[in-house]
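Two complexes, one shared chain (chain A), two partners (chain B, chain C).
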Partner chain A sequence: MKKIKIKELIEKIEGEAELDFTIEDGRIEDVKINFGFYRGIEEILQGRDAWDALVITPRVCGICNHAHLIAAVRAIEDGYQNAGINLLLSEKAKKIRSFTLACELIQNHMKWFYMTIVPQLEAYLQIDNRQNHALKATYLSSTVTKALAIFAGQWPHSSYAIPGGVSCDPTHLDLMQAEALIDECIRFVEQVLIGMDMAQYLDISSVSQLHEVGGDLGRLMHLIGSSGMATLGQSYDRFIVFGESLLSSSGKSIATAVSKVDPRYVQESAQDESMAKAVTYKKRLYETGPLARGMVAKRPIIKSLHKRYKDALLTRIFARMHEVSLLLTESKRLLRELDLNEPSCTLDIDTRCADFEGTGIVEAARGSLIHQTEVSGGLIHRYEIITPTQWNLSHGSGDEHGIAVEAMIGSKSIQEATFIFRTFDVCSVCTTQ
Partner chain B sequence: MGQVQHSKPKLLWLQSITCNGNTHSFLNHPDIFSVFSGFEVVHHPVLESEYTFHDLAALKIPCDILILEGSFIEKGLTKNGVEVSKMITHYGNEASHIITAGTCATFGGIFKQKDPEQISGFCFDIEQQTERYEKFASKLISLPGCPIHPRWLAYVLMMLSQGKKIAIDRLHRPVELYGYTVHTGCTRNEYFEWKVDTKGYGLKEGCLFYEQGCQGPYTRGSCNKILWNDTSSKTRIGTPCFGCTEPQYPKDRLFVTRTNMGIPATMPLGIPRRAYLTLTGVVKSFKIKRFSQRLLEYDQ
Partner chain C sequence: MGMDKQESVKKLFTAQSAKVDTNRGDAYYEALYVKCQERLDALKKLRPLNNRRDFLSTIEDEGLERRDFLKWASATTAMLMLPASFTPLVAEAATLMNRVPVIWIELSDCAGNSEALLRSDGPKIDEIILDIISLEFHETLQAASGHQAEKQMEEAMEHFKGKYLLFVEGAIPLGMNGQFGTIGAKAETFVDHLHRAAEGAAAVVAVGSCATYGGIPAAAPNPTDAVGVMDVVKGKPIINIPACPANPSNMVGVILHFVLTGQIPELDSLLRPKFAFGYRIHDNCERRAHFDAGEYVEEWGDEGAKNNFCLYKMGCKGPMTFNNCSIIRYNEGVNWPIGVGRGCIGCSEPDFWDKYAYERPMANANIKAPTGGVEKTVDQFGLGLLTAAGIGIGIHAAASAIAGKKENQKEEA
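Take a look at the complex of A and B:
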């Protein structure tokens, strides 16, 4: 049979990627994913003061910069602990960090849904809809980042998380303003995204109840179902989560069996023709991100969807958008639970550690993000960043295709394949750093 | 009633070596679509726009206002097989105004650190004019910041769409935005005046200039006048200003104040060292009780 090769540039994905498709018999047979420019953040950090990572690493990515900050501060804290400095973070500091990180995830998911998934699906299905979906994305994302900025000063590119806690010292006035903003987000999600009461929505535990979901999410699920796309985009059904978060513990899930993970078995390797490095766990590829978190946490509605559709695009899309309601509910709880009498930061201003090695792990919007820092004489000797998209978007290793590649193989058109590609919430800048 | 249709200026947002932070910062502007409505947005990195990236790379898009995001490199950054520098030069020639959005596009910024010889801002390499300066200077507006402040960019775009002239300084920064320092409007100003440094991290009391590396008093920008996310700023929540709008950004040891004999090595903008030392000597001879206490206490 004749093989055709087609190169396709994918844009509006936090940069661009080039996909080289091999098509045989009208089906996608293979895909090479190529990301562009290597910016060298890890090299830039070499020789700099250990704390400078708190400022430099957020600049890996304009959309998940806060996750990089949290990973960077955890790497330093882990290093300080390893060097014998006891850093016992206050509950207040931990909760504020969880809150701001949740805000960033919500911002990210809403932009992905309204600026990527909805318009791309409408274009693919040739639905003429002249709504400005991006207006919904920016309304919600600018509201939730405002709540984030109450504690972090700004978004993007805050450096408010410092070893031992956070730099802010909030008042009840701040908490009330933040809660009003979260309430506004909840109202928006109820009225526009899910078309129902959030508590009732979060009670849904089985696919058979999903018809109750209205709003733009309900409409999208219906469009995917009625166009026969629900089962497309399946990969290896293997998931991994390294970070502990509001959403799940760490662990891996193969089909439905969940077991423990140890970050020491993560391996990075260079790939030909791409600036992005591939990542494996014990030499196997895993999907990371919201679907992985849902599977490892054994969340009933995700398990139910998975039972019917496996790791197909419908499950993947729903898992991501489901996190918005989970995170908003958790954010509100965190604000209510904050005890302002606790210290914001437990590190003494004069305590600095000059020689250490540490690892920081965080659950970012797209999955597990790992920072490793090696510091000697107060200066960074080696810094390593492993981003979630490196897990999902590599070419593959050994005999296996990459996670997203496997999901695209068998597609009957390039448009279908690129839609599947986008369900992974592709981030070009994070992948090549 | 046939109203005369004035065609709107064509706005093209082009990315070079970047993290997309400026794009996402501007998406925080609550009235972003109203600001954009004064223009025909021909290309944007994430928003739906009239032309595709193919058209952009083929140099086929009309362009009146070019927004540049990211550091500049002559060779080695290609998209769709075309050197990005070639796209920048082409659309820069077409445009009547060029806005360098962010410190990377303006001075080189963080990504310059990877290869300082080859990577720079578009018309400035730190403070030095690049070879492109002369050609593009007449239409250049610099908006440094890591990232840009959404309201600063909106101001420039609205001024341009109304055909108003923007007053700029020698580095082409609008004086209405960069005539202030980040220190202006900081909620810790009383502590600065009375030279009271903060006693630790995570406190609303105390100034960050003496120990924690704050560059606010000598960094140009209106961060504490036009707040971030319409809400706050770094210094207000206890993070030092890292000088991210300045040509030399990022300096080294961002959380540490360099000192000479216990006095900050870099003086507040335009203040002679002697004047600073005189004032410091006077205020430090007083102990103001209010500044040694917490601003407010909750019932324990």
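Take a look at the complex of A and C:
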């Protein structure tokens, strides 16, 4: 038996990661995931005005900054509620926040697909494709972030969400402009990504109908299937969702049995030789993200794929890209339902709370993002940011490997393993902060 | 507000803040015009790097009218604070962007500036940038990754030694001997990486507030002892493009200016190009009339907010922030923070994360507006002409992405 150790650098993610592989008899036996990067955002937040988190935390991440903003604002709102202040957000404010979050998820998924998954798979399978997939990603993400900016002012790093609502006061003209941009995204997705009518696509409920999907998504699924990769990358088949969103409610799914969760049982712990902290729920590891949302929501097509391929990379990739069409359809509905006569912000300026503890949860592109704030005398005493990537990429605990590590173990090559790694949509800047 | 505070605020707003000379007289501009023409003629004789595509045919491929391009060129000419007569030169410079090699590195950051760059300004200029600028190395955008990418960066640095523009995104953590940030398989620290990359650069462009001043990582207590590029790199021309994120138009502006004149743009005392940072947000704010009329938002969601009144009392830092967002805005000009009723947080000013962060109104914020000061002009600086056919790395831009769309549209028609 020959054991070798190989270091591999992973780029083209947000930041950089290093994987240390242990290979035995040509198969991957263990992987250590390292992030050589630390800024200390939680330390920086200590001692600051409670509301400063609204400006500082989005800057944790350039690609899911908006999710951080919403988590930070929800943590403060939750704290105010806990302190006995009755905060009733208008439907308008809630819908605008849902809409902007949806836009952020869409741009993220499209960039991941076209800048990471498609080119990496083509390289792995040695397919010569002269198309520049990156341009497809930038076209769609710039279109959808324009719609986002109509309400949020700019993307990345906006600060328009404030405790009690939003600062913007959109007009009908803004809504028309946003809807036109969403329509353009739908057109692009129908023509380029899925190659079919979006409503028909969303009606697909079983694996047997998936051959109808065309476009780049259809082509990718076909490539994965025909190269025998569909069942690679299975992990523990345990999923967790903490946030309520357009896509699912909260819950956990273990081998298709869905039950409730309580964020109080989330535990963070430091890991040896890593700047990232590990996180568990009742001492067990769970996968979070689009596949988790699909499983907890019991979405028929995801369940059907899961039945055949379990939590393998095909299911994981499809679950993420499926959210693009779901979210575009939902965001269009949100725009139509928006009642502009409702107030934007309902928190009175004199209502300030100096001592509170609050938790803000949001379903970000990569899964559940949790912010916890403890405020005394108006200043932050403790701030915890638990990011989705911490769930998926920890080293593991006790006798269990981490989620992504388990998915990579048994791979025949480093190339195969790193492709599996990327299906988790890795973000190192969020993980280590 | 007490009388003394009122007085100090009044003084602040009438201070001669920027000292941008937008009219230097005919003789100056005529001489500059001739110089730019010579520069462009010289560049034209060079072969494009990396067999980049021709700019004009790219525009046609993207289905853009030449008129759209000229519109963009005249807007960009205005942004660079040049007379309208320079428009044809700016247009020509844009077509020659493929003669200037650019290397882009990411340090202690959130990748937000790269994200912003990807949705840059102009007539689909984002695609055109990917097509035309000779981006010799960019971690997120290039095709290769891992060891292969590292090798490509080495090669690009060697090949274009002394000629490339180095764009740096992110702060440099100096604490623990730089161990808070390492890169590559050899775990090179960010600070060593930057020194090595800057060594052969013609000029270094710090993109975003992290690269300029240390940014969010440098916020108190600065756990990683993070600093900006200008604190680390010495003996090289440095251009800072702060803001969080930096505005892509200003990134493009710096490159264009360099292509056009062979020089870095005129800078202020913080090494920021004056064309972008010569005025305060407040000077050109769409809500300025409400400030002058004393009409303020007093509380989020109030009548004032509904009527787009001035956000000064909600803590807007526009009066002390030098940047051109009030003119060029964000996300292809769709909007900007003040457009959604959120005051400016002063993200292009030093220490904004400690001094300006949230809605502490200015009069209580214990801050001083940056006014004037000694301003060094670095526009004497000249760079040699840029050369060479390139090695084939980076992005192979393609019309096909959007062409796919066009074909489909034809089918529909």
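The definition used in the following text is that the second predicted complex is superposed on the first by the 433 of 433 C-alpha atoms of A that agree within 3 Å, B and C clash if a C-alpha of one lies under 4 Å from a C-alpha of the other, contacts with A are read in each partner's own complex, and residues count from 1 in each chain.
One rule holds for everything that comes next: contacts are C-beta pairs under 8 Å (C-beta built on N, C-alpha and C of every residue); 3 or more make two chains touch, one makes a residue touch a chain.
Predicted model only: the values in this text are computed from it and were never measured.
Novice: Determine, for the superposed arrangement built on chain A, whether chain B and chain C clash or fit.
Specialist: Superposition check on chain A flags a clash between chain B and chain C.
Novice: Now for A:Leu334: first (chain B), second (chain C), both, or neither, which partner does it touch?
Specialist: Neither chain B nor chain C is touched by A:Leu334.
Novice: When the two structures are overlaid on chain A, which partner does A:Gln191 contact: first (chain B), second (chain C), both, or neither?
Specialist: second
Novice: Where does A:Thr171 make contact in the superposed view: on chain B (first), on chain C (second), on both, or on neither?
Specialist: first
Novice: Check whether A:Lys136 is in contact with chain B, with chain C, with both or with neither, and answer first, second, both or neither.
Specialist: second
Novice: Of the partners chain B and chain C, which touch A:Leu69 in the superposed model: first, second, both, neither?
Specialist: Touch partners of A:Leu69: none, neither chain B nor chain C.
Novice: Just chain B (first), just chain C (second), both, or neither: which does A:Glu8 touch?
Specialist: second
Novice: Does chain B (first) or chain C (second) touch A:Val375, or do both, or does neither?
Specialist: In the superposed model, A:Val375 contacts neither chain B nor chain C.
Novice: Check the residue A:Ala312 against both partner chains and state whether it touches chain B (first), chain C (second), both, or neither.
Specialist: The answer is neither, since A:Ala312 touches no partner chain.
Novice: Just chain B (first), just chain C (second), both, or neither: which does A:Leu246 touch?
Specialist: In the superposition, A:Leu246 contacts neither chain B nor chain C.
Novice: For chain A, which residues belong to both interfaces, chain B and chain C?
Specialist: Common to the two interfaces on chain A: residues 9, 11-12, 14-16, 18, 36-37, 39-40, 43-44, 48-49, 51-52, 54-56, 59-63, 65, 115, 119, 132, 134-135, 137-139, 141-142, 145-146, 148-160, 162, 164-169, 177, 343-345, 347-349, 429.
Novice: Which stretch or stretches of chain A touch chain B in the complex?
Specialist: 9, 11-12, 14-16, 18, 36-37, 39-40, 43-44, 48-49, 51-52, 54-56, 59-63, 65, 93, 111, 115, 119, 132, 134-135, 137-139, 141-142, 145-146, 148-160, 162, 164-169, 171, 177, 340-341, 343-345, 347-349, 429
Novice: Which residues, counting only chain B, touch chain A once they are in their complex?
Specialist: Residue positions touching the partner: 15, 17-25, 27-30, 32-33, 45-48, 52-54, 76-80, 110-111, 113-115, 146-147, 198-204, 211, 228-239, 242, 244, 250, 252-256, 296, 298, 300.
Novice: Please output the residues of chain A touching chain C within their complex, sorted ascending.
Specialist: Interface residues on the chain A side: 7-12, 14-16, 18, 36-41, 43-44, 47-49, 51-52, 54-56, 59-63, 65, 115, 119, 130-139, 141-142, 145-146, 148-160, 162, 164-169, 177, 188, 191-192, 343-349, 429.
Novice: Of all residues in chain C, which touch chain A in the complex?
Specialist: 106, 108-116, 118-119, 126-127, 130, 139-141, 143, 145-147, 149-150, 171, 173, 180-185, 187, 215-217, 219-224, 226, 244-245, 298-301, 305-306, 308, 329-332, 334-342, 345, 347, 353, 357-360, 395-398, 400-402, 404-405, 408
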